[in-house]
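Two complexes are shown next, each including chain A; its partner changes from chain B in the first to chain C in the second.
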Partner chain A sequence: MAVFSFTRCLVRSYFCVKYVDHVQTLLQTTTRMFSVSASRSSFVDVPKAQFTDTEVQDILTKITGLDLKKVFRPIRQQLTPPKYKLMTDTELEESVCKAEKQAKHLLKMPPVLPERKPINDVLSEDQMLEGMDTANYVFTDINFNVPHRERFIVVREPSGTLRKATWNERDRIIQVYFPKEGRKITPPPIFKEENLRMVFEQDRHEDVLNQCVVQFEPDSVEFKNVLILTYEDIEKHGKYDLLRSTRFFGGLAWHLVNGQRIDGLLVDMLQRDLMQDAVRLVRLFNLVHPQSESAQHAQRQQATDLDLLKIYAQYESKRAGFIDLAVQTYEQTKALSSF
Partner chain B sequence: MAASLQRIGIVISRTFPIILQRNIQAQRIRHWKLTSSASPVLSLNFRALTSSSSSSSDNSDSTETLSRYSDRPWEYLESEEYIERYGSKPVWSNYRRNHKGGVPPQKTRKTCIRGDKICGNPCPICRDPNIIVHYKNVNLLQQFVSPQTGIVYDPTRTGVCMKQQKLLNKAIETARDCGLLSAQLPHVDYSKEDYSNTHGAVAPTPAPFSLSSGELWYPWYGSIKPDERELARVRRIYKDYLKPDV
Partner chain C sequence: MAAVTRLCCVLRLSFEGVGALRALGGAAHLSSLARPSPTQYAPVTAALQQNRHSSFFNKLTADELWRGVLAESGAGARKGRGKRTKRKMKKDLNRGQNLGEGRAGYLWPGLNTPVYKDGSVQKPSQRGEAEQKEVTAALERQRDEWDKRRKTKIKRERGWTGYSWGGISLGPPDPGPNGETYEDFDSRVIEVKSVFNVTAKESRKRSISALVAVGNGNGAAGFALGKAADKNTALRKAKNRAMHYLYYIERYNNHTIYHDIESKFKRTTLRMKKQNKGYGLRCHRAVITLCKLIGIEDMYAKVDGSVNLLNITRALFHGLANQETHQNLADKKQLNVVEFRAEQGTLPIVVARPQMGARKEPEVEDDVPNTRLHWADVKASQGVKRSVWSGVKRTIW
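Moving on, here comes the complex of A and B:
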């Protein structure tokens, strides 16, 4: 009986692999835009989950949670007198739904993109113009209805070369001609090491991330650096709750899953009795690292819910004891409450 | 007798600002508090006469014209002097502007200190030389920002002179840039932008188009076939001019 089920499992997994091979070749041709190649192993070739996959996004949004009190906490803005409305129950539910929609819009995650490639393109070299001036001349296309990423910005250097502007120059020039609210032309000193350290000590990671999101483009080097620094600090001190119910929690979870360091976050979730979130996190881990042992075992056994946690604790985790204990206590409480 | 005393008092209160600049900074405050009573005025008068005559005392005092807290202005806000003087209220709470009529002018005075002279009734920052507007002096800057809206208070409300208000604005902006004060930022929407970076403006320029052998410039060049009757008619008309092989 056991042998039969084992062979059945093997056959099923073999068929899965065969089907998946087709999908793999298709994906390779269609996902060139994101230029992240799937991790290849010599045998099983399951496509690695990307940030933009619907399943991944779904998991990340569910982990982030939707604490309306935190999302709509009073912010510093121009005050208006409060409005009081008398509502029936149905109207109240409708307004709560509207609030949830607005909250979902506010909690949209900033995109995780590959780093933008530097622009090194010389359009022409005119030796005639050498020594024309001591400064660079920047020519910008300031048509209003052109997207910023399709705007031509070229620089004529004193040596006579006409080249396309680098990404930093592009950002600065676009900010000069089409200023965005909150963005400065030169990055503010908050992003320097000492200031960052001080802000992290005050537990104001969300403010730093908001500043970062406003100041930099999501595919720039500085943006990624600041994000990584913030996430590292949060993970070091275990301050995951600061970002829960904000738009940055998904990015944090994705970064940790890619680095295979979800132990701290798992433990935090279990301490706060968020079993479903913990299960979802482990599922995300299995999606992103399909070659890992826990993913393969889970695939074989088709595990769900707490079994996933147990498999992960057994094979991958370094804090297996705590996770096992937490799962056991949860099962016990569930059994007790059901009686 | 009383009238002459009064006159002396007027003269002294007019020359009092000059005395301020010459004495030690810590004594300034004590003098300011005591100007209302008569007897200290007389002693002040005496001190004014002696100080104006002897310049040797000036030399020893002039090395301390800067406040004790000029290097670390934030320490003053924890000192006993400050707490005794202001308590937990903001620095500008007990200041009242002197102006004619019920409505104050919409701009406060340009500056309280011009060169050596300080005006009468200086603003809350100028009257206390230990209060220095610095971007690291967060506790002081917070007193001039509304805790609910995050907007800097108007000078008509706090009473500071315009020069100090400008310095305050600059310091608050630097503090917000460095992350010492929290600032409210707009929400960034990412749904409308395309991040593929494939456009020619940001991607390497594609190589110029060059014709390979046998290829036509426009793809439809080769595919159009002339009408046979038209071709025969043209051949008939220009029969004498055609090349022999055509």
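Moving on, here comes the complex of A and C:
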């Protein structure tokens, strides 16, 4: 079952990779390889919410939004003249539903996995083979029906040691024998710091993230690095709207919530009158940090909706004034419109 | 006139001491001298020299002389018998000549030099040799420069080919009688041909027929035919007449037509296909010119049957004028018109809604679409078409 799922994973194009379904299987295989027992540190009393929890995923999908016009932006390809159909209202609604389903499929979030541990496994040491050659020899198992995570890739060094290949070497070798579309053997120079800075100035965060998802594995160091740099830049300049309605918004929100820096995002949502999204974000914060003051107060008072916002503004936020003002204006407008 | 000039043609008597008796066109002088002198005065040794001061150059006007030289209306010029290359140009010889300037270089006050100089009236005098040479040289140079300027060929803007007048712009049409200007309209020649009509008096009467189209690039365009004996008049007539026969053509997003059109006029069929932005105008050169005037930027068109330019123009305008816009289609069928673009995935874009609201019954669609296919299109789509021009990569459309 895992084998089939992995081959399917490889064959599909990089725009529609179903990551979340296979995160569980990914974790299982990694644990199988290294036989690491999943022992979480149990120092917290309340279990901390994980990225893969249904409630967390639900909140993240809801705050990502579903702007069809942005999801189905014209992509760069050979143009053809458009096709026209005559539809009744019901047919039109059906086609909109189909488009929304397709959009949801495209907005599947890339997984947030723990960093993969480096491989330092030495299989044998042969003093006799010392100085046999000047280069390393890499031996790969290229059976087609072996999942890439379970492949045997070993390296014989000139000093005679036979060791398992490091993660970098593994990625490169697998790309050589089983090339994936869009992935390069050596990472392109766009992922260097100074180039990334230039790209961020041009507001092309989404393109960088798409390329990053294609190039690196989700649990690799470089992947996490690029993601963190992008998120930091977005947070610094407040360009949250660039990623709204893309599949990376969930990751951004998760990163900010974990770093306890949701003020900027909250303010941006309130400025765009997204009250429900702001409430959901605060709820997510409380789920992830159950021992924080706002979470405890909310738990005690069983607060909902705007009260959550007020509690958060009171205890945790650094821009309490703005949040309070926004909540007040929203309540006033709601009261006025209800009359 | 001839009698007076004939009096001048008289025996000129040379008297000693009289000196400079120039022929000042002197009709009166010499005639007065001639008549009484031989009888009254004492006989003088006179050498009679025949000197004619009037020839046919003096007896005829410049126009008459030039008419004789150019021979425009001779038997050779009629009925188109004249050779194309042999054609003399009329030149105004009085240009550059001043009254008073002559070969001898005399200075006549009032003509060459000012009458008053330092308060007193001047007397006629003569220029020096060197100065006179200079003056004549300057005059020669001026004449040569004028001739050279006349001979230089102004480069005519090239139309569809080097010689043809098709595709050449004639500028905006002339302003109307009530002062309205048509500055935003551009006119282009489609066809210039010489046509003949057989009359009773002259066997073949030649005239030029010009087909000109005008347009402002924003949907308003028209065409007209003008006929006259010479080309420029015909072009002008057609250009101004075209403004009275304008069509307004609806365009989709201002760059293409609403749907594929097949319009037939006499024996000319014009198949037009809607294209996406950036495709360009891949059509017959006349259709390209007309589409540019209308403001259509992307279209494919194929002319089948006769390639008569007037019929192509008429087929194009009739087809485009009878287009069905999306709103018309929606109202006719009482259904929403929804557009699906390949580059935007499965997103439905509603382009037109019927005014009365959509009906409940959906459109019945057969499994096999009821469209007539064209063999050329089928071959092109199947890849069977063997043409050296089908796959050629062009950068200018």
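Definition applied: the second predicted complex is superposed on the first by the 295 of 339 C-alpha atoms of A that agree within 3 Å, B and C clash if a C-alpha of one lies under 4 Å from a C-alpha of the other, contacts with A are read in each partner's own complex, and residues count from 1 in each chain.
Just so it is clear, contacts are C-beta pairs under 8 Å (C-beta built on N, C-alpha and C of every residue); 3 or more make two chains touch, one makes a residue touch a chain.
These numbers were taken from a predicted model, which means no experiment stands behind them.
In the superposition on chain A, contact is made by A:L68 with chain C only, not with chain B.
In the superposition on chain A, A:D89 makes contact with chain C only, while chain B stays out of contact range. Of the two partner chains placed by the overlay, neither chain B nor chain C lies in contact with A:G131. In the superposition on chain A, A:Q77 makes contact with both chain B and chain C. Considering which of chain B and chain C touches more of chain A, the answer is B. Contacts of A:Q102 after superposition: chain C is touched, whereas chain B is not reached. Across the superposed pair, chain B and chain C both touch chain A at residues 74-75, 77, 79.
Within the complex, the chain C residues that touch chain A are 259, 273-279, 326, 329, 333, 335-348, 350-351, 358-363. On chain A, the positions that touch chain B within their shared complex are 33, 74-79, 106, 108, 110-111, 113, 116-117, 119-121, 123, 147-153, 164, 167, 170, 181-182, 184, 188-190, 195-196, 198-199, 204, 207-208, 210-211, 213-214, 218-219. Chain B makes touch with chain A in their complex at residues 148-151, 177-180, 182-191, 193-199, 201-202, 204-205. Across the interface of their complex, chain C is touched by residues 68-69, 72-75, 77, 79-92, 95-96, 98-99, 102 of chain A.
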